[in-house]
Each structure stands twice: as C-alpha cells, then as structure tokens.
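Labels A, B, C, D, E and F are assigned to the chains in the order they are written; within every chain, residues are numbered from 1.
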Amino acid sequence: MRPFGRAPDAMREITLEPGVSLYAEGSCLARFGGTHVLCTASVEDNLPPWLRGGGKGWVTAEYGMLPRATHTRSRREAAAGKQSGRTQEIQRLIGRSLRAVVDLKALGERQITVDCDVLQADGGTRTAAITGAWVALKQATAYLMEEGLLKADPVYGQLAAISCGVIDGESRLDLEYEEDRRAEADANFVLSPNGGIVEIQATAEDRPIPEKAFEELFALARAGVATLGEAQLAALRA
Amino acid sequence: MRPFGRAPDAMREITLEPGVSLYAEGSCLARFGGTHVLCTASVEDNLPPWLRGGGKGWVTAEYGMLPRATHTRSRREAAAGKQSGRTQEIQRLIGRSLRAVVDLKALGERQITVDCDVLQADGGTRTAAITGAWVALKQATAYLMEEGLLKADPVYGQLAAISCGVIDGESRLDLEYEEDRRAEADANFVLSPNGGIVEIQATAEDRPIPEKAFEELFALARAGVATLGEAQLAALRA
Amino acid sequence: MRPFGRAPDAMREITLEPGVSLYAEGSCLARFGGTHVLCTASVEDNLPPWLRGGGKGWVTAEYGMLPRATHTRSRREAAAGKQSGRTQEIQRLIGRSLRAVVDLKALGERQITVDCDVLQADGGTRTAAITGAWVALKQATAYLMEEGLLKADPVYGQLAAISCGVIDGESRLDLEYEEDRRAEADANFVLSPNGGIVEIQATAEDRPIPEKAFEELFALARAGVATLGEAQLAALRA
Amino acid sequence: MRPFGRAPDAMREITLEPGVSLYAEGSCLARFGGTHVLCTASVEDNLPPWLRGGGKGWVTAEYGMLPRATHTRSRREAAAGKQSGRTQEIQRLIGRSLRAVVDLKALGERQITVDCDVLQADGGTRTAAITGAWVALKQATAYLMEEGLLKADPVYGQLAAISCGVIDGESRLDLEYEEDRRAEADANFVLSPNGGIVEIQATAEDRPIPEKAFEELFALARAGVATLGEAQLAALRA
Amino acid sequence: MRPFGRAPDAMREITLEPGVSLYAEGSCLARFGGTHVLCTASVEDNLPPWLRGGGKGWVTAEYGMLPRATHTRSRREAAAGKQSGRTQEIQRLIGRSLRAVVDLKALGERQITVDCDVLQADGGTRTAAITGAWVALKQATAYLMEEGLLKADPVYGQLAAISCGVIDGESRLDLEYEEDRRAEADANFVLSPNGGIVEIQATAEDRPIPEKAFEELFALARAGVATLGEAQLAALRA
Amino acid sequence: MRPFGRAPDAMREITLEPGVSLYAEGSCLARFGGTHVLCTASVEDNLPPWLRGGGKGWVTAEYGMLPRATHTRSRREAAAGKQSGRTQEIQRLIGRSLRAVVDLKALGERQITVDCDVLQADGGTRTAAITGAWVALKQATAYLMEEGLLKADPVYGQLAAISCGVIDGESRLDLEYEEDRRAEADANFVLSPNGGIVEIQATAEDRPIPEKAFEELFALARAGVATLGEAQLAALRA
C-alpha cells in the first residue's frame, strides 16, 4: 500500500501558482504534495561570452535546495563552496529540457535564467521544478511580448515532467521521498503533453530491470504528464 | 514623503508566521512589507569539533538570498563558489545576537542552526531575519522541552531588530529598499523589547553624522522593537 | 552517408585491452574507433566515512579527459579548480551503473575506485568508459579472489554501454564526434548483454522526438551491447 | 585592576610612524601597545569594472594578519584558500569608514587600496588599522597633489577609531587582548576627532547591556579619538 | 646493486614515440622504463591577456598524473580542487626550460601549451616529461612552418633532462621510484646535448652533500643527456 | 656598474635581528638591503595526520608577501583564494632546506612551522627567508631545551642561502630586484657555511649558460654564505 492509500497511478495534489514573485519576469510556485519549488524566470540582456554576437539567445537553469528543505538539515552549498554533482546534474537537465521547446533565434540576443529553488522536498523535486519552470518561462516570454520586445513567442512547445518508480515490484507514479529511497528503479520523464519525448532518465538501483517494467513506467508517466499539461495551461490562464 | 505615505516612525505591515516548515524543529516566515525571510531552526546533536566535550551547546546562523529575491537577478553564491563578505557579516550578526539571549550551558551539547533565507528582498532583510530567527529558535527549544530533552528553556531573553536611517535629513523607521539605497546614514538595532542593547551598527554613508541624528534613530528603533516584540509573542502563542 | 561509409547499425572498431596498468588491480584500455579510454580499478581498504562499519563495500568511479584529447585543447580541470558539471554527471553515471551489478555486502568493507581517463575523444567517451570499466572491475575482483580476500565474485552481473542518435532523421549506432554534435537526439544505453536495463538517458536536442525514434535507438543499442558483451568476455579470457 | 595599572580611561602607548614603506604612495606603522599594524596606501589607475567610466574614484581596504601575530599560530588565510568572515567584516569596515571622509568624484577615476596587515596583535587591531589607514591615505593623496595629478585633497574629513568595552562592570578604553576576550560587551567607534559619527559597532557578549553602559563607552571613545586625532596630525607633519 | 642489475651510469630503456595524438599539432609518448608520459603540444592563437600586443608568443606547460599512475592511487587533482605544490613546481620547470631554447619573438603572437600527462610513474617523471615535451614542441613548430605560418623554426636550441641521485653513497643515473625514495640526494639536470646548462636542481635529503658528489651527478647527467639528445633527433626523423 | 657602485662579489648590508616577535618561540627579522623578511618559528604539539605516531617530528615553512611589499601592488593571495605556484615553490624549498639539518626523531612528535613573510621586497626574498628562518628555528629549539622539553638540539647543522646571477655577462652576488629582472641566469644556493650543499637551483633565462658561468656563481655563493653564517651566529649570541 502507498502512503495515504494512493493508487499506483495517482499523483499527489498538484498546485501551480503563477506570478508569485514581485520582481521576476515570470514565476511559479509548484507544489507536488509536500514538495514545493519556487521557480523564477529572469530576463537579462547579457549573454554568456561564448554566445555573444551569434544572433541567438539562451535559456538556462539553476537549481538549489534550502538547507532545511529536507528531513535532516543538509549543508548549504554556498558555505561548502561548490554545487554538488547532483545539483549540477539537475540544473543541466532543467535547462536542456527547456531549450528543447524554445526557438533560441526567435528569442534574440538575451538570456532567460530559470531559478528553481526547493523550499521543501518530499521526492520528485527535479520534475516539479521542470513543470513549474515551463510556466515561469512562458510568463517571461509573455512579458517580452507585452513590452513589445518580441513579436511571437519563442517557446513553441509545451513540456512537463514526472517521476515514477518500481517499489516492491509495483510500478508507481509520482514517488514521494519514502518511496523514492527504497525504489528498485526510478525514472524521470520529461514529455510533451501532446506526445513526444524530451528527456528520459531511467535507473536501476540494485539490479537491471526488465524492459516490461520500463514500459509500465513510461505509460504511467504519459498519463501523468497529460494531467500536468492541463494544470500548466490553467495556471497561465489564471 | 515616504513611499505609500508612510509616517517617518511607521513600520511596514509585519507578519510573523510560525511553524511553516514540515521538517524543521522551529520555523517562522517573517514578512516586513515586501521583505520575506524564511527562518528555520534545526537541532543537531553534532557540535563543531572545537566545542565538543565542553559541556556547552551552540547556536549559529546562516543567511542566504535567492538569486531573484532582488530587483535584478544576483549571482547564486553556491555557483560563485563562496559566500560574499556581506552574507558572512550578516550571518555572523544573526548568530551573535541570538547567542546573547541563550544560556549555552543549559542548552547542553547540541547545536541549533538557524537558516535565514530571503525569498524576497525589499530592504531590512537582516533585521527581519533576526526577528523571525528568534521565533524559530523559541519553537525549537519548546520542541526540546516537549520531547523531554530539556527541562527549562535556555533562551532566557527576547530580542528583535529593526533598521532605520536618515534620508534627506529625516530620521525614518524600517527603511524599504528605495529608501535604503539613498540614505545618508543607516543603522540596525538589535534590542530587547524590555530595554537593553544586544547590538548596534550605525554607519554614515557620505560624511560623518551628528550625534543627534544617531539619538533620533535609536529612539525610533526602541519603539519599533517594542511593537515587534509583541508580534513575536503573539506568533508563539498562535 | 556516415563517415567511412559505416552502416547505420554498424559499430566502429572496438578493442578492449585488459591489464595495461603496471600497478592497478584491474585495468582496461577501451578503444571505440578514435575514442580511447584508460580504465583502472583500484582496491582500497579505506571506505568513505559515511559507509564505515556498515558491513558493505563501495564501488565508485571518476572520469577525466586529458586537455588535448579533443579537437581543440580544453582547460585542465585541475587548473580550473573544479570538475565540470559534465564530468560529474558522467562519473556519477559510471559509478551508479557498476553498482547495479555488484553485491556490495559480498565485496566487504573495501572500496574499488574505477578511474576512466579519456586519452583521445571522438564521441561516446562515457559509454566506452563504462564498457571498459566493467572489464577493469572484473579483473580487480578476480585479483581479490586470487589473493584469498574474497571467496566469490561480488560482480554478479554483466553490463556494457553504447551511444546512439538520430541524424537527419536516421537512427544510428555508436556516434562519432562529428555525428554527435549535429544529432537531433542522442541516447546512452547501459544494458545487460543478456537483457535488462541498467540505465537509459535519452535527450532530444532541438525538439521533442517521437516515441518511434526512441524505439529504434533502443533496438540498435540492444544489438550493440550484445557485441560488446562478447568482446568483454573475450578480453577477460585473454 | 587593568594590566600594568592602567586607568579605565587611559590608552596604551600610541605611535604612528608614517612613510615606512619604500614603495607605497602612503604608509603608516600604527602601534597601540603590543598591537602593530602596517598600513600602506597604493594608488592605481585601474578601477574595478563596475565603476569604470563613472567619473568617480574608489577607496577600498584589505586586512590580513600574519599567522604568528597572535599568541598561538593561526592558519594562513592564503593557505586555507579564503578569507575568514572576520577578515572580510573588518576590511569592509575599514574601506567604508575611509570612504565616508573622501570625495570620490574629486579623487578622479583612480583607486586607492589601503592594505592593513597586522604584524602583532594584542587587541584592537581593527581600530589601530583604521587610525593608521587614514594617515596612509592622506600621504597618498598628498603624493597625488605633489605629482600634479590632483589639485585639491579629496580627503575632506578626519577620522580615527578606538575600541572600548565593559569588564567586570567597568567601562574601559582601548582594550588589550586579555581584556577583550573576557569583556561583557565591546564596542568599536569610528569618529571624527571634531565630532561626528562615522561608524558605531556595539555588541553585547553574554546578555543585553543597559543603555547607560553604552553611553559610558561612547564618552570614553570620544576622548580617545580626540587624542588619536592629534597623533595623526603630528605624524603627518613629521 | 641496482634493480635489474643496472650499472650506476646506465639509463633504463628509453623510447620516444612521436605523433601519437590524433589532434595535437605535436606529440610524443616518452617512456623511461616504467615511466610513461604523454606529451602534446597545442598551438593556440590566443595569448594570455598580459602578453597581448607585445609582439611575442609564449610557450607554457601543464603537468598532471593519472590517479593510478602510481603504486597506490593518489587523489585526482581536479576532484581535490587544486593542483598540488609539486605539480605546479614541475609544470613551471617544464615551461621555463622550454622557453630557454625558443625565440618568443620569432614565434609570433601565439601560444604553444605543452601538456605532460603521466600515464604511469616509476621515477623521473619530470625529466621524461621535459625530454618528450621538446620533441612535441619541435613537431608543433614544424607544423607551423608546413602551414606557412612561420618561416623559420623559433626553437633554436635542443634540450633534454635526466635525474640522478646518491644511494648508499653511490652516484647513479636515471633513478627509478624505489631508488628515488631512499636517495640521500637527488638532482635533475636540464641540459643541452651540445653542452650548456638550462636548469639544475639539486637537493640533499638528510644532510648536506659534499661538492664532489654533486660533480659526479653532473658528469652522469651530461652523458645521459647526450644519449637522450640522439634519441630525440631520431624520433623527429621518424 | 652595479647600483650604488657595488662590487660584483659584494653583498648588500645584511642585518639579522633575532627575537622580534612577542609571541613566537623563535623569530628573526632578516634584512638584505631593501629586502625585509619577518621569520617566526612556531612550536606546536599537533602533527599533520600522516605523521602521527611515527616517533618523529616535522619542520615546515610557509611563505607570503604583503601586497605592497613590491614596486607595484600585487594581489593578496588570501583574496585570490590560493597561493601562487611561485609561493608554493618557495615555501617547499625553505621547509626542505631546513629539514636537511634537523634530526626529526630527536625533535620528537611536535611540529615547528617557520613563517617567512616578506614585508618589503628588493630581490632575493627566498634566500633572505632561508637565512633568517634558520636563526628563528635555532631560537625555537633553544626554547624547547630551556623548557626542559628537549635535552639536545635537533638542529645539528647550519645553513644559509644567497642568490647570484649573470648580468651583461658578469657574475654577481646577492642580486637586487633591478638586476634580477634582467639577469641572463640566476641561481639560488643553500649551503652549509662549513661546506656542503643543501640545495642548488640554477636557471638560464634566455639561452643555456656555459658551465664556467655556473662555476663562477657557485664560488660567489660560497663566499657569501660564509659571511652570512657568521652573521647568524652573531645574531644568536645577541
């Protein structure tokens, strides 16, 4: 049995709260159950040196977690003097995923940085971050259009992400922390709600998993992303 | 005239929301107008090496700011690989202030780390952090008493903090960002609501200020801290 | 047409040269065409602090690239003062993959570190590294058995890895650098030669890819890993 | 009783030795009893990037302590790879104080860096540093005028600094190390010898201190700074 | 007796294999017995900022060692976050030596970086590195002449390097690791095969050594470098 | 002609002022003309982890330079976040040299750290540092004997160091900065005043130098070290 009697294919309560930041051009507070991620999209005219003059813009992401977002306090990365490998892996994933649905030429020579900061963590922080980041990004490009700086929206596609995993041989959607830590396999799917793969990361923990298990996880994720896609559109209409 | 027609001795709207964290032993979301600081107090049995075996505990603080807490995005300190001098100065101030009202022997050989993370910044982040940190700290020691780990509360005193400054020759309480940046002098007072000085930091920006101006700021701060002290007690009763 | 007239499902010339290091307990020089990775497995009695006394061992990996392994010289990470996000991501992948086929309890309280150093890079360095790392790891546990330190081999499963990608709409196996840099999608598969998934990482570069493309890549990888698995066993028999 | 029978309002022997550096445009070796700080002021045409082209100059300070300046050897910050929070706090204080008496526009687009290096420490290093730094700074602007690079002195005000504190309930001026470490409160005052506050930092160590104690410390500091101001002018005439 | 019955004035088997890198403008794999160093020379148009516009080029070197190049695994410098003092000392020596035989003006405003990476270490890595680096450097300038970018070779002199030392009172040439670690004195000579000193570093380990011992080491080195010089020329003709 | 009409074999004015530090167990301010190095020897019971329990002590050195010790200000290493290669090379040289005349077993399980801080630099800082460091070290072991912690002096030999170089074809002793920067070759000799080589570092700057030049430099150094040795003994008697 899952915690709180959840069905294997049921997601936790999802809320996407747009426009939460006083200053950012786009923002969204994404809550997947006890996992809360604050996403802000910042527009800057300044491109990284290796992109200047190329007629293209850039979308990138940074990820962080407050020290007591977790059950026990973890060390502050700024105090440790570096971002962990896990942090870098996640922020690379978020940025890469977003860029797969953005026309960087149409964006023009500007950069949008999406910061995803985990205020509270209960599993699935990277997929909640991606789902919220897309909303914040859309708000930021809407802002650029309102300001007359862009004529058309360079974000031409939609994407959302969800985690799933195998626990005690059962394939489950949207793992919370207690499930995640004892999963035999877990996978993160970044998908387009209308079909199409942006990124798949599937990992066996203890031993290789059969292909059938992977297919089950994929099916769960497809359904989950469809629901998330609707929530994103509703948030943007709000 | 101040923004929003505020009187020189008026504070912004203050809210102290306790218990906002699912995991931390104590927590408080402190809002001073547009300045929002999430304070969590984490109890750990592990003392820093130089304190072990001394029969005393420790209270320390860390401070951080989300990259887009500010008008323009600032660089993430974890990405930069170090905490700025400003960050270190502030977190040293918070920790030192809290320790001035804690009996470290009575705390026993454990450490309480108060993390103050600025979600949104509109001036006065360090004083909002101290004010919220005290609430989070009190919740954490209350937790230790409830768990039977402590018999009496080692936090024997109360403190709160407020900024004030001189703008166009006028002494004002609780500066917001637009005031702060053009102040001729600014001062942060960490005081006991019942009288008593914990820390004073007063700084002239452009030229030395007369002692009379300092006295005016001190008087404003005394009144402000009295109000904050009541809000803290109300929050703890909630 | 692929470079050198390769068929879409053809791998480059693969050689796995075991025992190349004078000192390491296990080693393998893996060559996938112009990609050359030196893998060494080092056995140490010293576990990281967080694993000591737990009755289990650990397998981990580190990855590096010589500055002129690439077409143009890249900055030495030791001189830059940190490992890039890409490096960390790859070495986490290698270590995680290997651990999925090792019984850490049976290994006992010792650590095996597999260093994968790219002497020359022409695409697919991480999959060549994993394929060679498994051979080096097997040599190291064979050494432990010969020395009488282990009775049975804790490496209970086999794995190999291969990259593939979509270029101009065509699904191809074992990309070289010139293909990789203009691929519409690329995927790395870490699989058991006898079936079973260890890790899948699939990434769309410009826009989401259809599920059918993913299936084609998976099929190519399955065949490639079968061939690699035979080469690994042959190398170990040598 | 104070060490060496000093009266509560007596300073240690103070010497300010100007022009001690062969190369620096301004310099001063400030000795407050056993505390010796070497201050050098270096003029550079090169401004930090964020100030270039603004028609203004900059005055900044750096602070350091030789490893065996103290009773027991402390770790060299260059070897530790970073400046401590204490060091950064002090050097920010020195720079900020000096800028409060400098007309940065009149300085022109150049930077003066004042290095304050503690050769020997016996309490009050930051206030000795500020007092000596002002002398070094004045020498440097005098040099700029002699060279015809400036017509008028951009240092329009004078400042000096002194520490004081409460020990066993007694307010004392110019603490030495053995007093400082057991003070109930200590305060650093950066003042203009002719009246005017540049910076006040007052800290209660164990519990809040009454306002009356603060007033006593302030009075001691006022007298101390008057004496220091005369010593500064004498040194510059030398 | 030396290991393998070597005579005191005998070098180990030396091979210099040029052109081993697919990409580098010059390269050489230098093997001195069990010591294997991969040297690559990379030509870049980009000069370090402090040399730009000076009408001169630059030759520099970097040195590294694979973690398991040695008997026991040593920590990866990229993971440690910095290059050791030993590494920096060696790479400064290599670069300085090479520059002593290069006409930097004739090189033009370009930089040649010689990377010396130790694949396997059995004593004398720095001297093997210098010997191989010179071959790689010559290949790189030959490349520049072939491309028509240079008319004459800016490398106007030849150099090679060898270590020697005193073990049990006996002066020996080309120490291997087991000799090196118990030597009473060791010396590295960078010499021109036709006579002339580029660099000498002689170090007594336990107590000062007599001048006579130094003279013996120098004589051994002279002979060794003569042999190495022939091997270098042969390699370049290959 | 040398600056100030110095003869090629004449040293600058040398003063060795012992016992200058209030706290250090041994200290010496070494002045070679305009080069001033403050050397302190600190005795600590704490050995580095890799030496504990081995029944031996350790002697090590650290080297630093105040930012404005030089003609133009150089960046503070603590602010830069690391020690330069040059700094590390020099402090390794100082420590290695001192250890060549110390019986580490007789020292017992304690460490002596000699800090050499350059207050003013005019060439030859490393040789002045070594010469002064030996005096400070001797004072520290004398202190250990006075305290009854050691019966015999573990420093069984004497050493001093001097630089020399070839300028315009002339071999000169004890170079000052203006000579050093345009020398064709320079060499640092660490010698025993009674004969015996501790360390030789000779470097050709522009092209290999003939052996005869090296012999001239050696002869100059021998004479210089004899003089320095007498000054050291006189300082210790003072």
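The working rule: contacts are C-beta pairs under 8 Å (C-beta built on N, C-alpha and C of every residue); 3 or more make two chains touch, one makes a residue touch a chain.
Chain-to-protein mapping (UniProt): A, B, C, D, E, F = Ribonuclease PH.
Worth saying up front: this structure is predicted, and the values here are computed from it rather than measured.
Here the chain-to-chain distance from chain B (Ribonuclease PH) to chain F (Ribonuclease PH), counted in touching steps, is 2. Here the chain-to-chain distance from chain A (Ribonuclease PH) to chain E (Ribonuclease PH), counted in touching steps, is 2.
Common partners of chain B (Ribonuclease PH) and chain C (Ribonuclease PH), by the touch rule above, are A.
A separation of 50 Å divides the Cα centre of chain C (Ribonuclease PH) from that of chain F (Ribonuclease PH). Taking each chain's centre as the mean of its C-alpha atoms, chain A (Ribonuclease PH) lies 58 Å from chain F (Ribonuclease PH). Each chain gets a centre from the mean of its Cα atoms; for chain D (Ribonuclease PH) and chain F (Ribonuclease PH), those two points are 32 Å apart.
Annotation for chain E (Ribonuclease PH): residues 81-82 touch two or more other chains. Taken chain by chain, the contacts form a single closed ring in which each chain touches exactly two others. All chains join into a single ring; listed from chain D (Ribonuclease PH) onward through chain F (Ribonuclease PH), they run D, F, E, C, A, B. Across the complex, chain C (Ribonuclease PH) meets chain A (Ribonuclease PH) through its residues 82, 85-86, 88-89, 91-92, 96, 100-101, 157, 159, 185, 187, 191-192, 195-211, 214. Residues of chain E (Ribonuclease PH) touching chain C (Ribonuclease PH) in their complex: 21-24, 27, 34, 38, 40, 42, 44, 62, 64, 66-73, 76-83, 87, 113, 115, 117, 119-120, 122.
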